[in-house]
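The following pair of complexes shares a single chain, subunit A, combined with subunit B in the former and subunit C in the latter.
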Partner chain A sequence: MLGAIRARSQFARPLLLRLYHKPARNAQFKKLTSSDMEFFKRVLPAETILATPAVGGTSDPVELEGFNADWLNKYRGDSQVVLRPKTTAEVSQILKYCNENKIAVVPQGGNTGLVGGSVPVHDEVVLSLRNMNKVRSFDDISGIVTCDAGCVLEELDNYVGERGYTMPLDLGAKGSCQIGGNVATNAGGIRFLRYGTLHGSVLGLEVVLPDGTILDNLSTLRKDNTGYDLKQLFIGSEGSLGVITGVSITTPQRPSAVNVAVLGVPSYAAVQDAFRLARRRCGEVLSAFEFWDQSCMGAVLHHQQLKSPLASEFPFYVLVETSGSNKDHDDEKLGSLLEELMESGTVEDGALAQDEQQIRRMWMMREGIPESLGKTGATYKYDISIPIPVLYDIVGDIAGKLKTAGLYQSSADPVKIVCGYGHIGDGNLHLNVVADKFQNRVTEVFEPYVYEWVASHRGSISAEHGVGLMKRDYLGYSKPKEMIDYMRRIKAMFDPNGILNPYKVL
Partner chain B sequence: MLGAIRARSQFARPLLLRLYHKPARNAQFKKLTSSDMEFFKRVLPAETILATPAVGGTSDPVELEGFNADWLNKYRGDSQVVLRPKTTAEVSQILKYCNENKIAVVPQGGNTGLVGGSVPVHDEVVLSLRNMNKVRSFDDISGIVTCDAGCVLEELDNYVGERGYTMPLDLGAKGSCQIGGNVATNAGGIRFLRYGTLHGSVLGLEVVLPDGTILDNLSTLRKDNTGYDLKQLFIGSEGSLGVITGVSITTPQRPSAVNVAVLGVPSYAAVQDAFRLARRRCGEVLSAFEFWDQSCMGAVLHHQQLKSPLASEFPFYVLVETSGSNKDHDDEKLGSLLEELMESGTVEDGALAQDEQQIRRMWMMREGIPESLGKTGATYKYDISIPIPVLYDIVGDIAGKLKTAGLYQSSADPVKIVCGYGHIGDGNLHLNVVADKFQNRVTEVFEPYVYEWVASHRGSISAEHGVGLMKRDYLGYSKPKEMIDYMRRIKAMFDPNGILNPYKVL
Partner chain C sequence: MSSLRILVGVKRVVDSAVKVRVNKALTGVETTNVKHSMNPFDEIAVEEAVRLREKHGKLVSEIIAVSCGPTKATETLRTALAMGADRAIHVKTDSALEPLSVAKLLSKVAAEEKPDLVILGKQAIDDDANQTGQMLAGLLGWPQATFASKVTVDGGALEVVREVDGGLETVKAELPAVVTTDLRLNEPRYASLPNIMKAKKKPLKTVSPADLGVEVAPRLQTIKVTEPPKRQGGKIVESVDELLSKLRTEANVL
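Showing the complex of A and B:
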């Protein structure tokens, strides 16, 4: 076990990982040979294997492009083989073989991550779960769904939606992200405020360990206190301990009434005041409280071709959503909240969605931000948790540092936008810096400064996006040494050869 | 590490653990000497140590009685030393010393457990957390409280209650159970339906490991995806991996309106129908849905000197509670539910609490059941999770087996009551068998039959009470061998000498 850990710490890594700097390939990992390919062909149906001529296959490397690069095109691997098994037994056979032969493997869901966690770094075999996409069972009384890991979140939400329930998580990438990836990365998203963490709503997991062992903990029980809750370790482990092949999750009743309003807010202090009052007035039906600044709004209106529902511009915008079982009650609760906010001047303008289409458009203003910033330029993304009162301070702070460095003053400078948006109720800010291109003279102004800033407020350098390749060297800013040591021991216990998602997390 | 596991499996244990049968003392554990006592006296203030003359102390063994026996008086140890440290540093020093000297330790909170998990089996040192009972911090905006492990649940609820929040868990033992014990046993209770599991609401833990290492993960962040979520392992580990000394937990807004009704229901099928409709009509304000049978009701009315609010007797009773932010809205939701239930005949009678005192009395009918059964006779308690449709079947099944065995037919037979109550929404039944005394000819009728029955429905042999000493040999009924193997490896990783809460859980 210790051998594997030592081997990894020998990598010739600089103290700080720079953009595009890859850790060196671990020479302990085997390079694929024709006999490996023969094994894969024996185990898997031909149509589930993509292999380039470099490993004796016939696939055009272009076909592997979507598996090798992340959607922001920031991280890129060089895998020559993609395996897309259809059954848990196939996953088990593949992993057992790779483990015995020290072949590195990167498990991949919808590949919608933001920290380089789901793409290979070098020539790891990509193990895609997309062919495992069936609902296994659904219990109509309890609302508990059990399904393959490769089910797409939005499709699952439609499935349970037709049966009167709703998935307890929702995020911008819902159309392509997979539930297994959501669980592996402990995805947060926009319903977190209402339904909480996946550590609470995931009831069971089926996980294949590197040695091929299938851990069957696919429980459908809300309560089960029989020994240590092992499944929790895999939630948020980013595919580095085992491959999640099945998930059972409790889904809440689908709300029959949904209301959405967008508000124009004069200051960040007022955003906090509005949040406090929203919790008090809307209580149990408050299902989202999102905020973003004027820079985000400018980008999203432009790139999504939307029109603001408000008459003028504001420093901050808030989206409030209520979801409940009684439309009249919710209308009354939200109505009295908005009235109170306007009267007190906490909010200066507001618009209430009148129909489904307006609700979708308002959500697009929030959910379209990442894509719109991406279209504006090369986007540095930080996803941090810090105490709510100081949450937005870092945006002005970073802007100031960039100005001082002469990088963000005029339109000729490389940095175009420094902005923030996020989930205020969760203390979670998405800090974004948009530049003309990724370059070190920009990066080094705010990295590791951002992490130091977060650490000084006892925050988290990754609220919901995970560690992946991007933050591996920065883990120490959020977790003490003793905890990282035990994480390494747990990694060594489940994956002694370190074949699963190497170069990531730890 | 493996040495410790092997050593434990060598215990001369019979295949089935019978009541009062203790596993033999592990000879590897040191017997306390005067030099050990001197060390404890050097580290701890004199008033925090209880030691009997057997180990050179001056405490009357009677003073240790409450630490050696559980409250049902079913499990009993023979500890001669109770340590009650006041600081985390003291806990660390004690554990480090005990680990180095192979002295077994049982951590103890409020000692309100039901499975023999919190009392010594032999001469283990009792490490009581009751002197660590301070709130460390409270954040008024987020509702996050950070406190010592020894804070009593009810006192914490009062503390956050004065600040507009409520603890996300509540149980009958709230007046004496401690938050550290709640977390260590992953307590469920009567608010689980609304606020979910502690795996979701606990944000951070401070844990002292057997070697004295203090794992500081006392985060107050709602979201934190930086590496494996180690704290989850300690939630529900029953003090066998480390000693929880600090807890941070998110508390929801205290509801300003609470309604409670007790209903008389003609059948278990109707109980399920009522639950389904309650979820639909009351949705987000439904905070409890408890049920119990006529045998429970008889015992509780008699022993708590209560009067039923209903005009006659029913096979089943249901307590419905709503908690929300708007009294009028909640009244309307609950009112229309009750109307619909009565009109359809699902419910035959019902009473709605008119004031605080009536609410308390109605809750006493449910919460007073365990104590009332305990006063009736020697009570065998099983806490199981099974799919809701078959949840109550086991009560009739066990009664039938006892009748066939000639143990439960006439008033002269040893078994007086076979009954069930519990949390229908969580699929959690408390099956109770009340006899004149604990004896093997009674036990063997339903043990291991109960566990086999649960396993055949893929249920859990411990929904919320834990494993402790009682169910250690039955873990295999709820968890596959591979998972138990990994649990053992995790135990060996954190506690290689096996000093923490030995003879329990695994």
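Showing the complex of A and C:
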């Protein structure tokens, strides 16, 4: 997956229409001058700075493209400077200077974020963590790893994997996203069902505040009730309160027995029944329960060149995974679950992976969906959480609205796919609409309708991807005014000049 | 030919995705608590047998899967049954098996079951011996077609396209015969839940090497197993001069 995701050329396609509301540049922020560049050169090694001729540097603007455009190629900034410090002290010096001089900064991890939070909006300095990629320590007894924020998730998982542990989170972007970015977005992913939220597994953070202060809270304690738990504020803060430079995180034992099955399910109601029964029968060994619809399956089989494990097509597919330490025990539990599901007709067909390669292929059918949709066209993504019974209704609803609007009827129409997939166990749906290009007449059909719909079910307009630029103006659909006011006060306290990731989140 | 009986050999091996490690005693690779699966070439063999049935219908009267090894080999046999084999024979032994022993065991099974075609993997990915199929053909006095990438059965005649160095070779033989599979022969199917459930009810017979009259004691002794030397990481040099000096003093190639 690693190569696949980064290798997808983001820039081969012509620049898409500007379809998101771009806030005006805040005139209080300083435009970079040669003296600013002098400072950066003084504190950073030359090879860690990218600067275009516009600010007196020598880098070809093409070199900065990857930092200016997001993974979806939907959001794009115009930064002329990318700084890639190697140490926390360097980060501190940069932020202190930028704060004093009112220079806006966008922290960037693997740039796989899906809400426009990781790229500049205008000319903010990009502060990339990619050179901070060392494991600092690993405790073999507790499984606690302490590392730089720029460590790539998959590389960390390999590192702890060799020592018998596994990272408590996993997601399709693992080959590129960084642990610091995961923490900054409070990423969920496919292990959430089993290992829960980063609010629980992150034990400590090292954070540099805009004024250069280094908050050293790199604790490796499981229990520590001394005062306010400040690190929690930074988990999910999307780069708006401080720059995360170090993370310590507890990692569970790597399971030695893993089973994966893909099931063909006749209805969304049956998907829920299957989930209920899976929880009851597999209990503590159930490690993932993911679902997707036939439109997703069509795209993923085509683009990943995979063969369906099932003999025919179904409206819904479910991937169920068990992980444990006793294969016979897990086989028996999963086996009886699958038999019961088949006999009751909840599931109409299914396949059980017989070896690791089949396990990987089955996971690819779920994890390859975002990339496959991206190859089909411009993808609108809504990441919502609502009570499970009505979770999928929105997909049919939106498809209907697009049809009524005459945008989704024949192959000549702009909308190609309306589909849903996600982490059903967590009540989290990814509603995706793929169009030939991003365009207002399509966007208007479901924005802000999706947010209103979610609010009417007391759901969240962002289950795991965050707010970023995309949902900033819609925060009110999920949070009352008083809470947003207090968020603003917290932001003002940590970042009085508002230099960190401006225009985003709030 | 009025009917075709196919015997398929399947072996339980450490899963191909597992990074193997040498055990502490340096006598082999660590196998406890390590994922095992059917040897990938044997999966291809089972798949080919099932495809022959799908193509020829009733002509393929029976597909019999056979595995030699410890109790857990029955898991591998159940996979073969779930993929479409009709019944299974487990030659149960805890002894380490060398290719010659397996070939002898299979030849006895073949003498009893009288298959027209035996399909085996070209090699097992654990010992990479690539000998069993050839030895079995020798013991039975049957023709052999190894490294198959295409298998056609027409009446009593067998045509096999073989992968050879630098190209493909087509051979013909009379049945009965032994075929060993190469990677490109087919892509094995997934085991479907209905078939896994059916497989539980299919007959699985257990026999011992003694029942078959075969002595399986190893003839080879493993002296020592060690890991290949670790690859050293690359180094970035600052200048051409440094490169030259390193090539001279460290790599000793100049």
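The rule we apply is simple: the second predicted complex is superposed on the first by the 487 of 506 C-alpha atoms of A that agree within 3 Å, B and C clash if a C-alpha of one lies under 4 Å from a C-alpha of the other, contacts with A are read in each partner's own complex, and residues count from 1 in each chain.
We adopt the following convention: a contact is a pair of C-beta atoms (placed from the backbone, for glycine too) under 8 Å apart; a residue touches a chain by one contact, two chains touch by 3 or more.
Note that the coordinates shown come from a computational prediction; the quantities given were computed from them, not determined experimentally.
Applying the stated contact rule after C-alpha superposition, one finds that A:A261 touches subunit C and leaves subunit B untouched.
When the two structures are aligned on the shared chain, A:Q304 is found in touch with neither subunit B nor subunit C. Judged by the touch definition given at the top, the superposed model places A:G459 against subunit B, while subunit C stays out of reach.
With both structures placed on the common chain, the touch criterion links A:T443 to neither subunit B nor subunit C.
Legend: residue contacts after superposition of the two complexes on their common chain; A:T48 is shown touching neither subunit B nor subunit C. Looking at the shared chain after the overlay, A:S176 reaches neither subunit B nor subunit C.
Set side by side, subunit B and subunit C differ in how many residues of subunit A they touch, and the one touching more is B. Once the two complexes are overlaid on the shared chain, A:E339 sits against subunit C while remaining clear of subunit B. In the superposition on chain A, A:D139 contacts subunit B only, with no contact to subunit C. Of the two partner chains placed by superposition, only subunit C is touched by A:A353; subunit B is not. Residue ranges of subunit B in contact with subunit A, taken from their complex: 139, 141-142, 185-186, 188, 192, 196-197, 199-201, 213-217, 219-230, 232-233, 235-237, 241, 253, 255, 272, 276, 279-285, 323-326, 329, 332-333, 385-389, 423, 425-428, 458-467, 471, 475, 478-480, 482-484, 486-487, 489-491, 493-494, 505-506. Looking at the complex, you find that subunit A touches subunit C at residues 256-258, 261-263, 307, 309-311, 335, 338-339, 342, 347, 349-358, 360. Only residues 15-18, 33-35, 37-38, 40, 43, 79, 82, 187, 190-194, 196-197 of subunit C touch subunit A when the two sit together in their complex.
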